Amino acid sequence: MFFQVIDILGTIAFAISGVLVAMEKKLDLFGVVIIAFVTAIGGGTLRDLLIGNTPVGWMQNLTYVIVILASVVFAIIFVKQLKYLRKSLFLFDTIGIGLYTMVGIEKGLQAELVPVICVALGTMTASFGGVIRDILCNEIPVIFRKEIYATACIAGGFSYFLFAQLPIVDAYANIAAIIVVILTRLLAVKFKITLPNIYRT
Amino acid sequence: MFFQVIDILGTIAFAISGVLVAMEKKLDLFGVVIIAFVTAIGGGTLRDLLIGNTPVGWMQNLTYVIVILASVVFAIIFVKQLKYLRKSLFLFDTIGIGLYTMVGIEKGLQAELVPVICVALGTMTASFGGVIRDILCNEIPVIFRKEIYATACIAGGFSYFLFAQLPIVDAYANIAAIIVVILTRLLAVKFKITLPNIYRT
Amino acid sequence: MFFQVIDILGTIAFAISGVLVAMEKKLDLFGVVIIAFVTAIGGGTLRDLLIGNTPVGWMQNLTYVIVILASVVFAIIFVKQLKYLRKSLFLFDTIGIGLYTMVGIEKGLQAELVPVICVALGTMTASFGGVIRDILCNEIPVIFRKEIYATACIAGGFSYFLFAQLPIVDAYANIAAIIVVILTRLLAVKFKITLPNIYRT
């Protein structure tokens, strides 16, 4: 129940971020709707395709479709007010990637894949919706260029497999890993921590 | 039989539109062939992947490969004359999206998906070949920016599920839905109807 | 054994080529890693998806993940020296596409697909990692624009099906086809042979 609420808040945050990017690009209504969808469900769709979970998730549960369409309507009407909500959106988005990371890892475990592949699936679930969004909008994906985003997912993913070694209930390991994702990102943004510069300047 | 002829005309129109875009971008022969393929079969391929119909359709029926290769040869030879055929091409293309929409819906019904997802699959079948073509050519997909195109597919798709409620043979509901797609697009282009402007200017 | 060594050399060459492109685009460390992965395994992943081989190959054999990560570390450290290795890299890459072409054809035969589709799968395995790399870096894919690259794969692929008609062991037909790919590319580059110009200038 708690998870489902967070999952929906994450979907809303991703969908709204898609609408904002699409409107900046002056796409028409159809384009805006598609970019909102792709941002919210693109990562999970890619994950489902790679492990062979078809028909992919959002085709089997209409909740996502409904939540995304409602978010689009909301975002288009309140686009001006949304700028005052940037902090809330950032928080939803951050919680969203935490949860999406854990969802991806669970799917990998169900498919009996090894931990490092599960972490890759979790990271993909959380961050590749944004990658597809940026490609459709003809931009180099923002997560390849700045900010600790995918890195937070990777850190949280590996910490899950550490926590899972401890003598605790699995649900606690789940929650701890989600918190690692969220804290990593929040602290990185707050203290302006970035990945090490690999270019000798 | 009637359907197969239309299907092939649609494939030809899509392949030729791919060749024209690729030649504008000055791609080499291999690039032109790939873009023609992707435009013609990209939407159906994405649909087959998402619902798990693999190997995807064009791998199991060589008709598409042959028709597309022949269209490429034809289009390269007659590229100058093709501008006089723009109206015919537009007509094939419009008939093509009508038929492709219905094909996608049928595949969704076979996979026992709900109507709204079937409509999404129909729209994807008809319009995502063009989306992939535009991405490969480094453009923001044209259907996200102008013209009622995907919208015609969506309108036709939902009208199919209305017609299917009527006490008529299913084939008639099919044909009626295809006609809705075609008419929506023809009328939109003729009367310059576009999606509502979501930007306050 | 021989094949596995070549396969790994090909993977290294593809991964390093990904790193070099990503660094030119000034991507951050995460971006560089992703582009290296995509270049090395993107073609095989697309092939596996299209024929329904899921979970896709690299999820089931960690060798690729390890080789690619090691290549990334190596390439970042020795980026300056790599320019003196361009000839070796070109050679690995050329051997790599030869082998990848044959791997793709084998997978197609296992899925009982007809020869022309097998050749398409082989070409895709060898060349679409580079296509995805270029799209993620917001470039029109280089293989659509110049050089005999995919064409070498296609030539080698069809020659395999010719060799397979001869009364020889299948492994020899395999090796002969790989040699055709490699020679076609080497000769094309050496003698500056390109695809016929389809633009009347």
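We just call them A, B and C in the order they show up, numbering each chain from 1.
In this section, contacts are C-beta pairs under 8 Å (C-beta built on N, C-alpha and C of every residue); 3 or more make two chains touch, one makes a residue touch a chain.
As the structure is a computational prediction, the values presented were derived from the model and not from experiment.
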Request  = With over half of the numbers shared counting as same, classify the chain A/chain C interface as same or different.
outcome  = different
Query = Given that chain B is a copy of chain C, what angle of rotation, in degrees and a multiple of 5, matches their CA positions?
reply = 120
Inter-chain centre distance, chain A versus chain C - centres from mean C-alpha coordinates, in Å = 31
Note = chain C residues touching 2+ other chains are 49, 52, 135, 138
Query = Which residues of chain C touch chain B in their complex?
reply = 49-52, 111, 113-114, 116-117, 131, 135, 138-141, 143-146, 150-151, 194-196, 198-199
Complex contacts: residues of chain C adjacent to chain A = 22-23, 25-32, 34-35, 45, 49, 52, 54-56, 59-60, 62, 65, 76, 135-138
